[in-house]
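Below, chain A partners chain B and then partners chain C, in two separate complexes.
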Partner chain A sequence: MLNDHEVLAKEPFFRITKRAHISNFKSWGIRLIAVVLSLIVCAFVIMAITGENPFNVYLGIIDGAIGKKRRLWVTIRETLTLLIIAVGLTPAFKMRFWNIGAEGQVLMGGLATAAVMIYLGPTLPNGIVLLLVFMASILAGLLWGIMPAYFKSKYNTNETLFTLMLNYVAMQIVTFCIVFWEKPSGSNTVGIINGANEGGWLPKLFGLDYGWSLVIVLLMTVGMYVYMKFSKHGYEIAVVGESQNTARYVGIDVKKVIMRTMMISGGICGLAGAIIVSGASHTISTSTAGGRGFTAIIVAWMSKFNPFVMILVSAFLVFMQQGAIQIASQFGLNENASDIITGIILFFLIGSEFFITYKVERTRAKKEATAK
Partner chain B sequence: MDSEVAIRLQNVTKRFGDIIANDNVNLLVKKGEILSILGENGSGKTTLMNMLSGIYFPDHGDITVHGKKVTIRSPKDAFALGIGMIHQHFKLIDVLTAAENIILGLPGHERLDMKSIVAEVNELVAKYGFDLDPEQKIYDMSVSQKQTVEIVKVLYRGAEILILDEPTAVLTPQETSKLFDVLRNMRKAGKSIIIITHKLNEVMAISDRVTVLRKGQYIGSIETRDASVEVLTEMMVGQKIDLEIDRTEPMPFVGRIEVKNITCRNRDGVAILKDVSFTSSAGEILGIAGIAGSGQKELLEAVAGLQEIESGEILYHSPEGETVTISDMKAAEIRDLKISLAFVPEDRLGMGLVGSMDLTDNIMLRSYNEGKHFFANRKNPRKLATRIVEKLSVVTPSVDTPVRKLSGGNVQKILLGREIASSPNVLMVAYPVRGLDINSSYMIYNLLGDQKQKGASVICVGEDLDVLMALCDRIVVLSGGELTGIVDARTISKEDIGLLMTSSKKGGAQHAE
Partner chain C sequence: MTILLTFIQKAIGQSISILFGATGEIITEKSGNLNLGIPGIMYMGGIAGLMAAFFYERAVETPIGFIGLLLSFAATLIVSALGGLLFCFLTVTLHANQNVVGLSLTTFGIGFGNFFGGSISKLAGGVGQISVATTASAYRANIPVLSKIPVIGELFFSYGFLTYLSIIVALIIGRFLMHTRKGLNLRSVGEDPATADAAGINVTRYKYIATTVGAAIAGLGGLYFVMEYLGGTWTNNGFGDRGWLAIALVILALWKPLNAIWGSLLFGSLFILYIYTPGLTRATQELFKMLPYVITIVVLVITSKREKLENQPPSSLGESYYREDR
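Presenting the complex of A and B:
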């Protein structure tokens, strides 16, 4: 009746079990191993492609990111930009609202900033222009955030698609505005806005070029931490994110929370647009956001939505990117080489989360069975 | 006589992380016998059976089927060995007929000959005394008919050993006795049957032998004729337990929640409550009985302001003599009125609590919005959490542990503890002891009794009729969303409630078509 060969098949070789809990020491250890492994793999890839000594390449990366004072400040500036977008995304993702529209929200914030600078910058006192810049950029990002939230809460539309599509709408609007603002005409770019009078430019603070950006972004980071952890709003966001049923059960107005949270999320991303345009680039183009709206999603998730961890993660990512730009020119590599290295490192880091959540064991039962 | 042994498990161990679900368990099933596996929730019954049916793979130990040592790696292997499992949750396709579901996944011939398949199924049905039309669609079937399809499916595949996981949980008393008749017929035909259950009366009624598990460990096996409810309880729990529920006399009738002719529809527009009316009294426990899905959940949610009501109204009569219409209010408005209506929903971690949050944050759910301050006050909820942990002897590492990590009984203690902390005038509980061990269950019964004595109007949806009849003062019976009777729990018989559970107002049986 039974087919012995079929039934007496071999036992599985590996077994994957979920870890009940893991110490901080161990989980950070696993992440550290992942980074080391990724650097080793990167080294092989570099050698295979270029034949260069990987150590020289790594030294090139460090040199490119922090080798000179100016390079260090570019790294800090880029870190701040990535950080504030990740901070802006935090409440949305904590609410399980898949906001992948940060790119568009940043762009709209940047566009509003550019508009205020172009039309009011030369005439009004700089303080007032800056105040208007902040208000306009926050408002623009907020608008881009509240649209998908409204349709989500009213008609239960899919926020992932909605926010994604709004990115392209924002890009088209920017393209459209460039036609009006292009300077010199025919260049199809806006050029440096108010290069002569620096109207609407964020001024130096403590003698630092990016002093104001630093202060604003760090304030937002601390503020977000406090908001999420200690405020009633933060508590409501967490409940709605974990279980809308529970939220309704205790009388939380889920729709209101979704709208309010996306206003905050979009608003901060809009402010990030002001930090980029008014604080650094002083121009606007379709690549002003430059994919940072997406990279910030990785930053937020890898930091488990802890704003302080986000500082480290965004600094690390920017460090690698800046370093890679350096080695690209130094060793005559393609710009994409940087993406390859960052990609390998991210692959290992994200993959390490699997080993933090699960334990892989060899099957032992077999040996004991044969021993009997 | 080894040939008589159908299945033998020796020293089977299964771990999940640090938790040992089965610790060196031994089990023996003879040919042509009905074996009950008895144990509280979390004792490892289902894990053990899942290893027999190929869903889990044991860490240690041997499984012998018909005298041969085997390795069961998948449900396919289990089928090849003639082991069939009927799960608690049916795995059927609604739009297909019974016969189509039965042959689903079988190799069969090139040409599908439904006629001969139906004939074969009918043969099985007649042989064991099932009540089944092979050509009926699943969506037309009652829960008990669906279960029949699952059993026939397993028999059709030639199973010699049948495992039934809590088969009576969804059945009325009448359906249960019908199922037992069928099982006895199968035993006569030489099949081996394993029933997983925690209902002692059923163990006594149906099985030849009982195997008891406790906390993953094998406690022992005894012949049913040598056993008694007391002996089995002691084996199951490890100590003597008083199985009497302390029921006090209800207070004189004072209307508290008045439900007047309410009708509700679900999302698909199907009427889920039809013209239901009753009034609950202060100082009583009002039971709600019915087959699963008869509108119990919607009824409680309607009172709590979570279910939209199509027609009818719900009134709240306060102890001060005021009357408020709460049927057109949302949960938040009811909360703000200080009615202190407490609700322990069926879905504890999906609705009553947030699994990933710690005890303090879960206790805070009800009160976080108090005061005008922007920041939430965690001091008082923390104190309350500590007090609940102490008072209800909740087993937890600390009040900072996510509730998801607690056992079912402790989760329920936290939820109920929070709900009664506001000294409610109305306390609604849905399946309050589902999945709880006996000690926790009795603690919950006592807490409900305390609330009743304090003058609260307790409304309790339950599934175990024996418990409802011992705990409640009056019982409302629902059948298919209609109220078919309000009876005195002290005088009604279990069979009469069973009849009300399946009857409709017009008097005809619900499933007769």
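Presenting the complex of A and C:
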């Protein structure tokens, strides 16, 4: 056992105090330093693996992310997807409800979208199909969100673990459906749905392939900002998140708020599934969500639940991912390199939050100062 | 009879990775740290062992299996412990949110595993898949005489040493948690760190040690998978959801390593049951694979409904502790 007296007697090297206030300039400065440091470390990692000099590496990343018009749009599309999931998670996290289940909610939304496209896409007019697509995807995501919320509010069932498990249930349901939908049969993939008549595909807007996705996602982003900041619901969510006892004391129906918020959160994540399937991939597989449900959690958290900051964070992460994929293919390596890059950046960003909340001073420096 | 025998053998083969992961996660969670990075750490542990063996077998002309085994075992322990240490540094020292750190660690770890697993052989100037046959055969070696006994030998003694180690580790951790003073201290840290702190227990130190040791144990699950299950090679995402199944098993086992032993066997059986169940179509097979997760959810709901104190998650699970914030 450790002798505690000894520890107390030893003067620690650093003194950590909580900051009472930090200016925006300073806090963003710290984040910027973290980003720069992470980029330097990433460059070293890529250098070590490929032997290329860091300057070329970053030119390659920029080229890979926005170098060609098509690449730029892929980056924008991926950013939008990540963004809408993060926006969907925001109210749940603000309420301190750990919805780790975005992956499953997105998948269920995508699955509902695919179902509507396959069964109704060829027969009904496109406008009606799209309307049904949105309704079905939102409902599916909502269903996946409301289950853990119900048990959380009724029995206080741990929502982190519950939502986590639901992800894999969703994945199995998807593989189950693929068996019926596969094309050509035996391929175990669904292929492009309605490739001939584009039934249930989001059409172009202003001549842009992803025009509608852009509009929908940005509307949701602004809408979420307004909802959280200016509505009574948003205020209730904030109170429940801070302290359920306080919420109960001031007469907020905590159970109702939990259920309602998770319906919204799951619903938006389901809508994200529709954006992916109907707006971009036009197919469904277990990797339709592709880990974005998890990355979005980190995006939402890093942005301090501010939807506008989320635009920045998700754009940055996707930029680096797409760039890393390009670098990897350039050197014939596999594209999982992008996950390593994402991981390193996230560790730095997460770590930097500490220096924003707390002030670290060298104890010795302080002593010398007092001696003078 | 032979079918039953193969079934049990195959089920055990599936369960060992999950058992290592669950045992590691149990000791971690008992300190109040919900390490969702365990799936990533298991990937990291697996690839670290594989790489150590790979470079050893390349470096010497006639590699000796036992040395490869020692090196890869050590590499796995070190790399996965480092993963746990990183988690602790960010969550305990830098006060970051556990879920966020854990998920980042999993993203990183899975990318790390798949990246090096897929390209290490190419980076080292070779061609084709990474393969460490000599070391893997050392891992697969079973007990000489006993394994030859009919039925009993096949049932109990036909596995590599990691299989027995997983059970021994689970037993030791179970005993440590429930029957030693330090285990009691650790549990109190997970239940109520403020009280533990007041009682003179070094909360930070307990969290660090439990999480690092837990991560190292979980990493062995990855090592088992690449060495004994795959026979010393790598397939991208081949490890699949086993890391998450390990976290599910922690719930099913009600945070008790002893339960995890039979629980892992149950999960292992459910994992392959569809192969041995006659009359299943491809579609119903997929529904069968859903069972472990559905069962876990049901257990989670039932335990939270019954509110039996000894079956609850550690009450500070997932929450950070700062003495200053009280």
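Heads up, the rule we're going with is that the second predicted complex is superposed on the first by the 352 of 372 C-alpha atoms of A that agree within 3 Å, B and C clash if a C-alpha of one lies under 4 Å from a C-alpha of the other, contacts with A are read in each partner's own complex, and residues count from 1 in each chain.
Following the convention adopted for this analysis, a contact is a pair of C-beta atoms (placed from the backbone, for glycine too) under 8 Å apart; a residue touches a chain by one contact, two chains touch by 3 or more.
Fair warning: this is a prediction, and the values are worked out from it, not measured in the lab.
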Which partner does A:Y168 reach: the first (chain B), the second (chain C), both, or neither?
-> second
Answer with first, second, both or neither: which of chain B and chain C does A:I22 touch in the superposed model?
-> neither
Considering only the touch criterion stated at the top, classify A:K232 as touching first (chain B), second (chain C), both, or neither.
-> first
Counting only touches as set out at the top, which of chain B and chain C does A:A43 meet: first, second, both, neither?
-> neither
In the superposition, chain B vs chain C on chain A residues touched | C
Which superposed partner A:L120 touches (first chain B, second chain C, both, neither) = neither
Touching partner for A:R248 - first (chain B), second (chain C), both, neither | first
Which residues would you name on chain A as touching chain B in one complex and chain C in the other?
-> 2, 4, 7, 18
Can you list the residues on chain A that touch chain B in the complex?
-> 1-4, 6-12, 15, 17-20, 230-236, 238-239, 242-243, 245-246, 248-253, 359, 364-365, 368
In the complex, chain C residues that touch chain A | 34, 36, 86, 90, 94-97, 99-101, 103-112, 114-115, 118-119, 122-123, 200, 202, 205, 236, 241, 244, 247-248, 251, 281-283, 286-287, 289-290, 293-294, 296-297, 300-301, 304-305, 307, 313, 317-318, 324
Across the complex, what residues on chain B touch chain A?
-> 15-19, 57-60, 65-66, 68-73, 77, 80-82, 304, 306, 330-336, 343, 345, 347, 350-357, 361, 364-366, 368-369, 373-376
Can you list the residues on chain A that touch chain C in the complex?
-> 2, 4, 7, 18, 49, 98, 100, 151, 155-158, 160-162, 164-169, 171-173, 175-176, 179-180, 291, 294-295, 297-298, 301-302, 332-334, 336-340, 342-344, 346-347, 350-351, 353-354, 357-358
